[in-house]
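In the part that follows, the structures are each spelled out as structure tokens.
In the two complexes that follow, chain A is the common piece, with chain B as its partner first and chain C second.
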Partner chain A sequence: MTEQSENNFEQCIKCTVCTVYCPAAAANPLYPGPKQAGPDGERLRLKRPEFYDEALKYCLNCKRCEVACPSNVRIGDIIQLARIKFSRKKPGLREFVLANTDLVGSLSTPLAPVVNATVAWKPVKLIMDKVMRIDHRRTFPKYAFGTFESWMRRQRAAQAAFPQQVSYFHGCYVNYNNPPLGRDFVKVMNALGYGVQLLGKEKCCGVALISNGLIGQAKRQAKVNIASIREAVIGRNMPVLGTSSTCVFTLRDEYQHLLGIDTSEVRDRIELATRYIYRLLSSGEASLRFRRDAPKLRVAYHTPCHMEKLGWSYYSIELLKMIPSVELTVLDSQCCGIAGTYGFKKENYETSQRIGEGLFRQIEASGCDLVATDCETCKWQIEMSTSKRVEHPLSILAAALE
Partner chain B sequence: MTKQFDVIIIGGGATGAGVARDCSLRGIRALLLERSDIATGATGRNHGLLHSGARYAVTDRESAEECIKENMILRRIASHCVDETDGLFLSLPEDGLEFQSKFVEACRAAGIRADMIDPKEALRLEPSANPAMIGAVRVPDGSVDPFRLTMANIIDARAHGAEVLTYHEVSDFIREQNRIAGVVALDRKTGEKQEYRAQVVVNACGIWGHEIARKAGVTINMLPAKGSLLIFGHRVNNIVLNRCRKPADADILVPGDTISLIGTTSSKVPFDEVDNMYVTADEVDLLLREGMKLAPSLAHTRILRAYAGVRPLVASDDDPSGRSVSRGIVVLDHATRDGLEGFITITGGKLMTYRLMAEWTTDLVCRKLSLAARCTTAEEKLPGSREPESEVSRRLISVPVAQRESSIYRHGEMAEKLPNGDAARRSLVCECEEVSVGEVEYALKELDVNNLVDLRRRTRVGMGTCQGELCACRAAGVMAEAGKYCVRRAKEDLVQFLNERWKGMAPVAWGDTLRESEFTMWIYAGVCGLSNQKTE
Partner chain C sequence: MKFDSVIVGGGLAGLVCGIRLARAGRRCAIVSSGQSALHFSSGSFDLLNALPDGTAVTNPAEAVAETIRQAPEHPYAKIGAERFAALADEAAALLSEAGVATEGTTARNHYRVTPMGELKATWLTLKGYVRSEDTATLPWRSVALFNAAGFLDFYTKFLADGFQRMGVACEVHTFNLPAIETIRKNPSEMRSANIARVFDREEHLEALTAILRRETGACEAVLLPAVLGIDRYDAVERLSEALGRPVAVVATLPPSVPGIQTQIRLRRCFQQAGGAYMLGDTAVRYEMQGDRIAALYTNNHGDIAFEANDYVLATGSYFSQGLVAAMDGVREPLFGLDVACAADRGAWYDRDLFAAQPFETFGVRTDDALHGLLEGRPVENLRVIGAGLAGFNPVKEGCGAGVSMLTALEAARRILEK
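Here is the complex of A and B:
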């Protein structure tokens, strides 16, 4: 049986290890857990669509079930596909606002100081809670004044001068919220002797559109992205690197599995920046020079769920270990609870915080100065729920360069 | 002490249960004796196909007409046992289209709706169908659950005063001159014998009726014909798929509850094998090879198990060679046939016509008892089919959806009797088929369950993908708690149940089915310490 076979759920031998590893099932008794929601439920839904259970919306799509499964069942995909196919709940205004990170970002960045102050204001939070059911206890990510893309356009000539080139899928977060991370990536790549280019046209990867049921829009955006990626990979023989583990995971796997978009020709060349850089360094193709005067920094690395699914946290961890001033602890791999837009929704707030509890405790107890992680939503959740600041491994690396 | 009834029915298959119901609805005091559990013979070992009659239209007009009439009746009276899927008769290139026009004409002549449809349309309706087909005819086939159908008849018979005793084997007949006056039955649970008397005894034992008749002193020339089937792990098709040609082996694929079934083979077997049927490797090959022609995806679909049943074919009385076999209904009044009063044999026929068989038998019983009561089984709905599913679903809205829909699918409006008030009762015993603790408790209390296999027939515990891996021990636990048996017997029952599951998996034990069974063995032998040896 091939991995792509429709009947993949039949490989399940009911060992239930997926449910043991499911963060949502442990925190929320209303969620039937991946075994029942996935392979067991699929069999019933094939009998009659009436067997679809709206409780499947409690799935975080963290894919930890798939990592745990010894039978290679695509449990998370089965659940997401069932939601796409059977859910009768139509996405509302809240889903539209949360999922359209691209649109909301481009409206917010020109007015960033105003927007940031407004959404941090208590009465506004209460109104959003009451009207849109976006939980008032949530801290919103701040918008940057000016996008990463506009900064990059000014770098075009300088970047083109490098002998080797990579293209960069920056994602909405770098573009609208954290352009400094994008600049750190460019700095590191330049230090390695690589120039960085933007894709011909980049749209939001669509992960939030998928989880909020806006499938048609997700497909349209995916097609634009894949066309640009194809042009970079096949047309100009450049790899496409990303700094967000979720964006990279979505481009590589979710497009094919959930949206039915063929990515086979380019998939292997879409990868996480830390993995690419690690390979350059470990093979001796390139090298970096670190500052000698940098103060000691105790860093705790958190493995985001999609990083676990990619199996690539190793590269970020090894990269951090190469920095002489960094003293690294690796936290247990567990979900922080936010799962993108999931934790923003009022009905999920409690579950979201309960899922993350263990992680927050471990972070506080670790005595670290700083938490490192490759996922932006994990960063928001950890910064909101602990006393620590969170940075991307590449920002820590960039700061340590000579 | 001897117990007195008007009629004793031997055999707890669909026919026996149907006779018991029909008799009790007509005010006749009936006793049903079954040597094992209900629906253990041919009733529970066939396709579960709700024939439209189309299959017989060309070769056996009479059967076809009976089928379509009963089909329409069962949709009404047994709606909770029936899935109205419709059926397609596919013409493959190797079949040609010659048969098709004859087929459609014969169907229409028998009163069966038969619509010729474009192969592209057929593929849209049923995407699993072989895309190589050159023609398709749509007919009102469906699927019917034989266990539920039998149980519903038993429940209604009991509600109207009938007594039903399972695990009671008839060991002797009480014969007074030229009349059968009753039976001696062995209670297989206690080992005690008991006399039961009645004016009429009905032999509704399927293939075992051959031996029962011999015990009563008459001869019926029966021929056991084995039919093997394969069960697939999930619903491959949602419309019954048939081949549009003269009936042959492995040419029907039926979606039944959560699974699909392909069958059957046909071969004569000796009488001493009818109690222990094994499916051979050749039969598995044949079923798969032919099945793939109906739905190519069967080639890579997990096979859950294989099983076989025995059709009771009856040789015509005027043909001692046994070559001329009737597939129609055979009612034998042994008073006129053999000069033996008070004894009737009902045999032949098929699951589809069980009600009609019961009607004819009860008509004869009435004549013998000089009663004029009219048959009402074609109008009176069976328990479970008396209220629309959507109505019941609305009333059970607080039960989790998959559990709710599964229990209603299985029990109709009787699902409301399931205890579901607390979290413990809503927790699942069987995860594959969504059987709750409450449903098991209900079955133990109301549906005459003696062991795990009985429980399976009433609830589908252990019939899902895992074949008992997770549910068998939980179910045994609930049974022990309910006081059905002690720990020692619970262990023996578990061993028996798991061995019975393995028997069906063994002929198809490769790939995921083998992995699953290995894992099951690891759990029970390795973790639970269950062994095959009899406990002291």
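Here is the complex of A and C:
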């Protein structure tokens, strides 16, 4: 019942546990906190919509309140649904640009060297700060010269030759910013005896559209994705794997909970690549051979918020532990502060960095060579805010293969 | 996922059991549906403050035999009077090794100060918290009591009145800092944990030190609400040194900073011993083979089962839904284990709110080895520990933490001895 019921604010027993684990309330006094913004406020909003508080925009949608709640109240969903339903603030140009990762990505990749140099240039950053209120202190993710999809199209025949097949939801980040991660995923799957296929049609999962209030567009894109996923899962009996914890979380849970799109038929077949690979390896269906000559690598694993909510960091951690050259420490699970596009906004920059402080300190003190994490925006935030490089667990795994 | 032991429930009982097993080299996982009742901790751990008939207890080690005589279904009866004191000492040592420093002994209760300004018997109190060896007064004749301006979860008036009844003079002060004013902008989040985060930062603790130095008059001790840091444990000692007199803290209304700190430390200890702690996940179904549990499934892990030789149920009582009360009875929702519960609903409650409430003693029935029972038959590889057990009243007997930790260690001992 607790998993399925839509708006279960009445299950809140006012215990205050969620307020302890909210990174936003701890860093920003303007945010009323998960208890007040969620179940307490819901009582009032149901009575009169005017009780809606625009300060709910400071919620990071990290869902750490839900993970902490002993009564399984869907606090994060209640807050996001209230924003969707009641917010009167219209998204502006900034929200459109930040949220349309697909559009901006496809415009940028053909001109990547120029775009990367331009947005890294101080005067441009200052103009973006002044005109669009995108904070000038933020380092922007670099675009790749050529997309992952165009590379994959050239691999079609080679991938089709594998006896078993999976489909891959690569996400905007792999497509436009980090195609090497996608190639690492393909390399690992191939080593396991699996070929990789693209979905019939893939749009951005829409997580940034949802958080920026572009709900109509989010729903349209979600429908395209779910149609493609149905075709892969039901039509061709293939699982759909992702490498981004946020994309996978959005497809599995946010579509159903926030956009009202029925995903029940396919949800269980959408999963994180590390979970799928863990299952193959632990059941003995497949195996991997690691290089013996690899130098020791001290890796610190960071659990992204949506990974914490999925509860799946165990799989990524276990895969990293299998690599003989890796010496792993697991960092305390805490928010890095970026929360997708949240930290790019000028008014959130300070809060964002304050939230991440504890994590940054722990990373610097860990003595690691490298941070591993399953989320691209955590990677940007940690690379900008610490001295360490960040890689996806699958990239570390791919580099360790024989 | 294959483990030696899987524990459902990540509060005090589950963590203590998990730490004991993981330190013995067992591969353990804890699945916890949300954070635990430790978030309501008083800063003390009770072992046994009163017999089931209400007689006050001063020496729990001695009184346990009489407790078992009066309440033969008491969880302490499963441990046995002979092993009780040794397990209690083991629990205290485990806390200390996990970095949860406490004071107190198994042979003699001491007294803690409640947020209402009363003295209550207890077994172990976190270091730095107000405690007394005397049933009727504090160790000091005069104290200065400070509260953060605008912090409403700490009632200085109740405390001061209580202290005065004990013959302790009490001056009440408030302190303010810019960082606390910042939190106060948001009245709904002016809570203990957020104030404590302020004092995690060195400059704010220093600013507080300066205020206390300036404003503390000629009193013997300085008392504060327990909000002096979540990541740090040295604040009381530091203030005490700076002020040249004893400084101690009193627990506030929830969320409980001492409880949060205890939860964090125990979890870290479990993870450092190699345990996997899975928060925010709910065990939903299981498979049996004969009288044994073969696999456990959770919401988050879907088709990937938890498989283990031993399972431990530490899901707690009503608060954490380890027990669920419905119109027709009290259920244990995961395994559907046998629950001791009065059949007549009218007999669940005493109309006097402050009397011992019968529903408090309802809980999961076990055999003497703490195996859960399914229709009277013990499940061979399932032990039940902690607040969800039948046969005791944690409030009236003051034995909640003791039952959680001692049954946890007893179950771990039996699993390891097999």
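Keep this in mind: the second predicted complex is superposed on the first by the 395 of 402 C-alpha atoms of A that agree within 3 Å, B and C clash if a C-alpha of one lies under 4 Å from a C-alpha of the other, contacts with A are read in each partner's own complex, and residues count from 1 in each chain.
Heads up, the rule we're going with is that contacts are C-beta pairs under 8 Å (C-beta built on N, C-alpha and C of every residue); 3 or more make two chains touch, one makes a residue touch a chain.
All values reported here derive from a predicted model rather than from experimental measurement.
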Touching A:G311 in the superposition: chain B (first), chain C (second), both, neither? second
In the superposed arrangement, which partner chain does A:C15 touch: chain B (first), chain C (second), both, or neither? both
First (chain B), second (chain C), both or neither: which does A:L46 touch? first
When both partners are placed on the shared chain, which of chain B and chain C touches more of chain A: C
Just checking: does A:T118 make contact with chain B only, chain C only, both, or neither of them? Give me first, second, both or neither. neither
With both complexes superposed on chain A, which partner does A:C69 reach: first (chain B), second (chain C), both or neither? second
Of the partners chain B and chain C, which touch A:V330 in the superposed model: first, second, both, neither? second
Quick check for you: in the superposed arrangement, does A:Q155 touch first (chain B), second (chain C), both or neither? neither
Residues of chain A that sit at the chain B interface in one complex and at the chain C interface in the other, please. 13, 15-16, 32, 35-36, 40, 71
Residues of chain A that touch chain B when the two form their complex: 1, 5-7, 9-16, 32, 35-36, 39-44, 46-48, 50-55, 71
Could you pull out which chain A residues touch chain C in their complex? 2-3, 13, 15-17, 19-21, 25-26, 29-33, 35-36, 40, 66-72, 268, 275, 278-279, 282, 308-312, 314, 330, 332-333, 358
Chain A-facing residues of chain B, complex: 233-235, 255, 257-258, 297, 300-302, 400-402, 405-406, 409, 431-432, 434, 464-466, 469-470, 511-512, 515-516, 519
Enumerate the contact residues on chain C facing chain A in the complex. 1-2, 33-37, 39-40, 182-186, 188-189, 191, 193-194, 197, 231, 254-255, 260, 268, 271, 276, 278-282, 298-304, 319-321
